[in-house]
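This is the structure I want to talk about, given as structure tokens.
Every chain is named by a letter (A, B, C and D) in the order it is written, and numbering of its residues begins at 1.
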């Protein structure tokens, strides 16, 4: 059996998914849609998919599922339309920048019984999964404290900041999801601090570029997140989980792991340049999990609900920074 | 010239300082005082110092300086007495658990013009100093975010918790000082969360054994501290500083740095068992700095004021946890 | 343009190459040949290639190139036949276990002007290439000493030893090639010692399972190779190059790079299980280089001559062990 | 009980031993002898020892033991004289550059029953001892292959080369001893290659600056030694032991273990600058072992015989390089 897919949105992340789809023989990309004809054409050329439109994909009974990589403000509408059309849906985070809109979208999805998976790619990173497995295997005992370091190589342009919902909704949202994945308990409080240390333009837009966040769970487990929009040495992605019997950590991955020793010391090359290269294996495993869920007719994970919770945590963080308070999560 | 020292308190940390004194030829331990005769005798045997009393040391014109390692509740009184007696003073942190008492003690010290140095040993660790030097050399640009991981190998007994002032005043206080040392700006706000995950008895005493803290400075620099009273793998002491041009980190030190590879993987031995072995070089360098200050007739650093500020940050952290609020520092 | 390939031999290494071919869109596997129908079928199913025969591939004008993964004793004949048929040839090492036969085969290839590339996959490993690049960039100055550690996870079965030509011809041959690649000078002497420490059956077959080899070049550069047929901790593949200005090393690669800390220490998982997983990227880059050579109509590298030299070094090592002498290379 | 020591030779290594003696309270340096008055005076000032002469030390019944750090060509005579005088003897390697002279010296020592210990400091390095312990504990099974990397930061002056006996007798001799310590079997054959790659002056003196050596034992265990007189990145001292159940390695030690990450990569500072700083703990433990042997009235280890064997291996290596042959050890 082959799952036939349409890709909606042929931008940076669309290309990543097109490549991931090509790595799973059970998946076939048959259609690609983008307002920019050139972007769609490039992926069509690369993959053999046809160029199509939203409406045509909706009506095409031969298409089993869609990969939504369009701008954020289109996600909820597209999810609802494709859910009603009976397609399985993979959607990049977030469902919507507005929690109420995201919730109403999820309600529609539930009515239709559509399969939906949210694009929290890091859960599929083999190293992070190995961390989770070490926890599941009891190697570190009961989880107590999670530390997540997550820094982008460079700040995005102001245009992106304007529509992204800000650092907590576009960047930390991944860390909120990974924190939940590792804490194994729901988060009940959020405290965040944010500063503008990297680029004053970010501050002018009302956003932050440097943030520290503390999350707690009902039983008192704690997670710390450290974010920056700039890391000169590459895409910094580390996690560490401390438990009653020990600790487990996933260090940064490197594209080339040599070390040169000279009179100036021992030098290893910088990290990956960004998520496209750092998480190649994760994106492939993510699509594989999506195909697995379709083939086995089970609900995909992470779910739309996971997406909603991460978004609520992002909102709480923003409120915490702005009002300088600890925010309780309902 | 030889500086003649008296050691007040011959317990665990007293022994550490006796050993450190022995490593600097310019220092000579001539007297040791302790309520427990056996403890004093052990150090006297080891060092050749005479067993003495507080009063005798006060009156002994041949003693230049005292090392105060007695219980915390005696620190302020001893500092005042020895300051008035014209001795140079090295005192283990804290001056007092009560900020007002610490302040009044400092006032006395100022009146007398006595030299006083607080026992923040970590500032003298060669690896942490190398981190500081990398910052000073401009290698990472402007400091933006500091991350401190500080975990004890095991929880102290309830008796200790009762008199220590709790986790923030006895353990995190070192991290507050190191955060200040690395941030290079005064801290203006403290948020802390605390849980009891390690030992319920600690909770019964009103204290916490697991804590996460966020500090900020006026310009928006941030520091994160992660504390636990238990780390099965040893005494976990790491710092990392992220700046505009890069990052610098000091990893854990190990007593033995071999690695064994078998079918089960690659294994390195656990970390140092506690501060006495981890910070041997730091304790020696600390005494050396104290002697330097005496010989050169300059004010020692860290000062009593540094001790007071760290104590205030500890109080703020406790208030933050208890009242679930962000605490501003005056 | 698409290069149309036939795969001769559908065994373990054949599967590796089939997968590598699938990763380069400019290459298309159109035929697969194997005496074992099931093996051929498996690859045909996986890739869409047709099952074929040697003769049919020879006569098929639509096939541009062959990948020879058949048993070693068929290599020379197949190379000659396909060279005469005007196909480009990629052949697994060695050309033949007999130097004279390998030489006569190369003579035929030269007459025909056929393109031929030898399967020294390690030259294409991104980490080893980065080592080579660091040398080329002058980072370590003039190359002086090369150290190669190369250990298999476990000994092959006696059946393999019987036909492989022994440890120097089937295993060390890769290290000889990498030594040449890194030394940047031809090797003029070989000294080897061999022992049977892993499996007595290997000794009964006249072979060795543990070997140490020293190579030298005309100008006095030195290479050391350490080989074992058993490494409980996985496939151990390390190189280090020492030069006048410094040193560069490529450490082992790991399938999962987490570390678990407990009271027993810090443990990282074992290495890759063998070459199929360790050198995935190298095999893909190797095929890419082969396709590049075909497309650009240039001689592929490493060449048949490189294969012959490595074989001569293997013969020299065997002679050195058996006769306990230093062997000069003509 | 305090062991009273005289230090013969107040040069570079004499200073190292004076410092080591000061770290063991059971040892007291009471006399120092050197032809250069200033050198002797410096150590006398530092330690409180008296300046003395060989003859005075010989006749001084209050001196229990001597530490011989004089030029190599005086070692054998001094050993004999002090053995006859009933002193315990610690002597820097080698006993003599001439095997026959060393042997006759050992004969005299045996007659007198004097305690003698040879200065192979590396056996006392805590990391190397931990490697040995891992072997003794059975963690890696049966020892099969030992790899020793030993590179000096820079070449010694020609004056030193002239009297040192050359690279094998002054530098590799330590590696021969460590190889024996780790192989746990006597060495039966030596093959060595030597080149002049670092400094042509060394070649003009008939010596080598870059060497690779293979040692084997009766049962076929193998050791590889890699030596260079120059390592721009510091004093490179690594060992690795491969066994039937696994492997154990001691990596290089670093004076400061921080890492700075910038756009140019991750950089750790260079290694220790030489043996005085790298082996501080080893020198202290070595003296402690010497004092232990005296206090417990047992034969010290490593013995004069260990020194003789290492010297014979050095001679064998030199013969191997010069005659291009494998040298069997009687």
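One rule holds in what follows: a residue touches a chain if its C-beta (ideal position, glycine included) is under 8 Å from a C-beta of that chain, and two chains touch if they have at least 3 such contacts.
Given the structure is predicted, the values throughout are model-derived calculations rather than measurements.
A.B. asks: Which other chains touch subunit B while also touching subunit C?
C.D. replies: Correct list: A, D.
A.B. asks: So using the touch definition from the top, which pair is joined by more C-beta contacts, C-D or A-D?
C.D. replies: C-D
A.B. asks: Between subunit C and subunit D, what distance separates the C-alpha centroids? Give it in angstrom.
C.D. replies: Subunit C and subunit D have C-alpha centres separated by 41 Å.
A.B. asks: Between subunit A and subunit D, what is the gap in Å from one C-alpha centre to the other?
C.D. replies: 57
A.B. asks: Quick one: which residues in subunit B touch 2 or more of the other chains?
C.D. replies: 231-233, 245-247, 261-263, 269
A.B. asks: Thinking of each chain as a vertex joined to the chains it touches, would you call that graph a line, ring, star, complete, or other?
C.D. replies: Chain contacts: complete, every pair touches.
A.B. asks: Enumerate the contact residues on subunit A facing subunit B in the complex.
C.D. replies: It is residues 142, 144-145, 147, 149, 151, 189, 191, 193, 195-198, 210-212, 214, 216, 219-224, 226, 228, 230-233, 236, 242, 244-247, 324-326 of subunit A that touch subunit B.
A.B. asks: Can you list the residues on subunit C that touch subunit A in the complex?
C.D. replies: On the subunit C side, the touching residues are 126-127, 130-131, 134, 139-140, 245-251, 253, 255-263, 269.
A.B. asks: Quick one: in the complex, what on subunit D touches subunit A?
C.D. replies: Within the complex, subunit D touches subunit A at residues 231-233, 261-270.
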